[in-house]
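This report refers to the structure that appears directly beneath it.
Naming follows writing order (A, B and C), and every chain is counted from residue 1.
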Amino acid sequence: MSGLLLLLQVLNGVQFGILLFLMAAGLTLVFGIMNFINLAHGALYMMGAYFAVAAYGATNSFLLAIVAGVVGGMVLGVLLDRLGFYRLYRREHLDQVLATFGVMLFLNELVQIIWGPAPISMTLPAMLSGPVWLLGLPYPVYRLVVVGVGLVVAAAMYLLIERTRIGMLIRAGASNRPMVSALGINIGWLNTFVFTLGIGLAGLAGTMIAPLRSVQSGMGDSVLILTLVVIVIGGIGSIRGAFLGALVVGLVDTLGRSYVPTVLGQVLPPGPASTLGAAVSSMAVYVLMVIVLSFKPAGLFPVRQG
Amino acid sequence: MAQGIVNGVAERGLAGPRRARYVVLTVVVFALLLLVPVVSGMTARPYLLVLASRILVFALAAVGLNLALGFGNMVSFGHAMYIGLGAYCVAIASHYGYDNGVVHLALTVGITAIVATIVGYIVLRTRGIAFIMITLALAQMLYYLALGLKQYGGDEGLTVHQLSNFGALTGNAFALYLSLLATLGVVLLLLARLIPSRFGLILRAASIDERRVRAVGTAPTGYRLLAYVFSAVICGLAGYFLANLTSYASPDYLNWMVSGDLIIMVLLGGMGTLVGPVVGAAAFLLMEIGLQAVTSHWLAPMGVIIVLIVLFLRNGIWSLADLRGRRRR
Amino acid sequence: MAALLSIRGLVKYYGALLVTDHVDLDIESGELHAIIGPNGAGKTTLINQIMGEVASDEGSITLEGRAIDGLSQAQRVRAGIGRSYQITSVIQKFTVLENAVLAVQGCAGHGYRFWTPATKTRSLVERATAILELLGLQDERDTLAMALPYGVQRQLEIAMALAAQPKVLLLDEPMAGMGRGDTGSDMMLRLLERLKAHYGILLIEHDMDAVFALADRISVLCYGRVICCGDADTIRHSPEVREAYLGDEDVPV
C-alpha cells in the first residue's frame, strides 16, 4: 500500500464527498425548512447532468453546459413545484416519499424517451482535461476543480446561513417553522427560495459529474441513497452535519472499495476474499451508519427541535 | 369479531349493515381468487395461474407490510429485503441439497425473524423521516450483500434447482396457488384476531401517540418490535412462495424499488384495513401489466399514476366501499 | 407524616436557559397542592420531569420514600403516579371504552395477549367500566373520543390517569379550554373535590377561583423557581407574588 496511492485515493474520496455534500446540502436544507423530503432529488441531479451534456453537445461551451445544468435543474424544480409538489408540503412524510418516488420513476423513464437508453457523455475542454502532478503522480485537474467548486459552495453556504438575514430565517425556520410564519415572515417565498437553491445544488452536482461518469437513466438512484445515509449520519437539517457526513461517507466508500478487498486478501484465501471483498466494501458505508446511530440516534449534529 | 376489525378502524356502530358489507366484499374477493385456477385450467391458459400466483405473493407481502405500516405506523422502506431473504433461504438451502419443504419453511421463518429482530431493534430507536431513510439504507445493505456474494449467484441470482419438496405436490402450479391462497387466508384470520387484541390495541395506540401509551404505564417499544418481526416473517413467507413460483432468487427481489412498490400497494388498497392490501396488490400489478402492454416506456405513466394515487386516492380502494366516505387518517 | 411525593433540588437546563431552578416540593396524601405562576414559568416542564418524560439535570424525586429517579416514564406510572395533559391526549380514533381499557391494562401485567379482543377481556372491561362510571362516562362507552365534546374528553383524560390506580395525580390545567357549566369547569371543579380525598394531587391551573377553592397549599413558580409556598392567605398577601404577576390579568386579589 503505497503512501502516494493512498493520497490519490484520499483525494478521490474527498472529491466524492464534495459531490455528496452538494447533494446532501440541498436535500437537508429543503427538509429542514420545508419539512419536505424529496426522493426525486437524485433524478434532478441526473437531469442536471443530461442538460449539461445536451448543452455542451449543442454549443461546445463548457460554461454554457454548467449554466444549462444548474438553471435547467432549477427550472424543472420550479415546474414540479407548481404542478403538484406544493400540495405535498403539508402532507405526511410518507405521502411525500411516495409521490416523489413516482416522480423519480417518471424522470428516469423520460430521459430514456428523449435521449434513448444508451448512456451519453461529454468530454472536457482541453484546459481542464490535463493532469496535475502531485508528488510525481498525475492526478486529473478536473477532479481538483470539482473539489474547489465544492469548497467554494460550502463556504458560500456557510456565509449565507450564518451571516445573512436570509440565513437567519432559514435557521429559525429549521427549528421552529410555525413561529417564523407567525412572525409575519413570508414563509412561502422563503420556501421557494430554499427549494430552488436545493435543486440548484443537485443540478450543479450532476453537471460537475457529467464529464467524469457516463450519464444515464437511473444514475441518481445510488447517489440518492448515499445522500440519505449522509444526512442520517450528519443529522437531518444540519448543513454542517451534511458537510462532515459527506466527507466521511465519501472517504469510507472510496477507501473501502480500494482497500477492503486487499485487506481481506491478506487474511482469507483468494476466492472468498474477492467475493466478500466486493460485498463488504459496498456495505461499509451502511455499517458506518449503524455504528453512528448506535451512539447518536439523531446523527452527529441534530437540529430538529419541533 | 370485535368492532370494526375488518376495516381496522374502530367505528361506532360497525355492527350490522356496514360490517356485513366488508365481510361480503372479502368473501367475494376470495371467491374470485378461487375461481382463477378453474378458469385457467378450463381455458388452458396456464399464464393466468402464474399471474394470479404472483399477485398473491405480493398480496401476502403487502398484508405483512400493512401490519407494520398501516397498524403500527412504522414506515418501512425496506420490507422487500424480507421477501428477498425468504427467497434466498429456499434457494440457498436447495443449493446445498436440502429440498424438504418443511425445512425450507422453517428456515424462512427462523432467519427472517432473527434478522427482523436485529434490524427492528436498530431502526426502532429512530422516528419519522429518519426511520424511513434508515430502513431504506439497511435494505440496500442487504441488496449489495446479495449482489456481491458470487457463490450464491451474485447479480445473476440463484436458480432454485430443487423446489420445496412436498411429495407429489412439488412443482404443481395448482398446489402452489392454493397453498398461497390458504396461507393468505390464514394470515388474514390471524390478523383479524391480533388487531383487536390487547397487543393490537397497544400497537394501534402507540402508532398514534407513543407518549399516551407510556402515560398509562406501558413501554411501547417491545410491542412495536414484535409487530415489526411478525410483519417481516409474513413477507418472508411471500418470498418463500416467490422462489417456488419463479424457481429463482435474485438480488432484484431486495431492490428498494420493490419496497416502494409494496408501500404503494398497501396505500392503494387501504392502509390500516385488513383486506385492502390484497386489493391494492392486485390493482397495482394488473395496472403494471396493462401499461406494459401499451408501451415499453411504461414506467413513465406508472410514475405519474403513483403521484395521482398519493394526491387523490390516499385512503385506498377498499375505503371506497364505505359509501358514506371516511375521513382521511 | 412523610410526604407522599417529595421533590428536592430539581434542576433543568435547556441549553443555557435554566428552566427549573432548584425546586423543592412536597405532596401529602389527601392534599391538593396547586402550582401557579405566569406563563413560561416552567410548570409543565416540572411535571414532565416528575413523570420522567424529560430528564432532570439535578435533583431527586421520591415516591412513598422510594427514589424513582432511575425509572422510565412507564415505570413511574406503574409505581403510582398518574398524569393528565394540558392538551388532551386521549386517542381520538378509539372509543371511550377502548381508551379506558388501554389505560387499565397498562398497570395490569404485560400486554402480550394476541387472541382475545381487548374490549371483551372481562378483567379489563370490568375495571374500565368502573372508572367510567366513577366519572359518569359509562353511557358514552362506545362513542369515538373525537365525537365527544371537549369537556367530556377532558373527563376521559382524567379517567385514564385514574385507571392506573395511582397514589399521586399530576393534573396539568384540567380546566383549560373549558367554559362554565355542567360540561365545563364547574363539573371539573366538583370532580376535583371528589378526587381530593383519595389521592395526593399536584394541580397546575390558571383559573384562580378554582385554585383558591380547592388548594390546601399553593406554590408559586416564577422563572422556574418557587418564590412562595403556603396556604391561600399567605399567597394572597405575598409581595413577591404580586410582583411576579404584575401586568398579568390574573392577579390574585
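Convention: a residue touches a chain if its C-beta (ideal position, glycine included) is under 8 Å from a C-beta of that chain, and two chains touch if they have at least 3 such contacts.
Just so it is clear, the model here is predicted, and its values are computed rather than measured.
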{"item": "Greatest separation from subunit A - chain, by CA centre", "value": "C"}
{"item": "Central chain (distance from its CA mean to the mean of all protein CA atoms)", "value": "B"}
{"item": "Intercentroid distance (Cα basis), subunit C paired with subunit B, Å", "value": "42"}
{"item": "Where subunit A and subunit B are represented by their mean Cα positions, the distance between them in whole Å", "value": "32"}
{"item": "Separation of mean Cα positions, subunit C and subunit A [Å, integer]", "value": "48"}
{"item": "Subunit B residues within the subunit C interface of the complex", "value": "1-3, 5, 9-13, 193-194, 196-202, 204-205, 208-209, 211-219, 222-223, 226"}
{"item": "Interface residues, subunit B side, partner subunit A - complex", "value": "75, 77, 122, 125-126, 128-130, 132-134, 136-138, 140-141, 144-145, 147-151, 154, 256, 260, 263-264, 267, 297, 299-300, 302-307, 309-311, 314"}
{"item": "Subunit A - residues contacting subunit B, complex", "value": "31, 37, 84, 87-88, 93-95, 97-99, 101-110, 112-113, 225, 228-229, 231-232, 236, 274-276, 278-280, 282-283, 286-287, 289-290, 293-294, 297-299"}
{"item": "Contacting residues of subunit C [partner subunit B, same complex]", "value": "51, 53, 72-75, 77-78, 83, 85, 89-95, 98, 101-103, 105-107, 111-121, 124, 142-144, 147, 160-161, 163-164"}
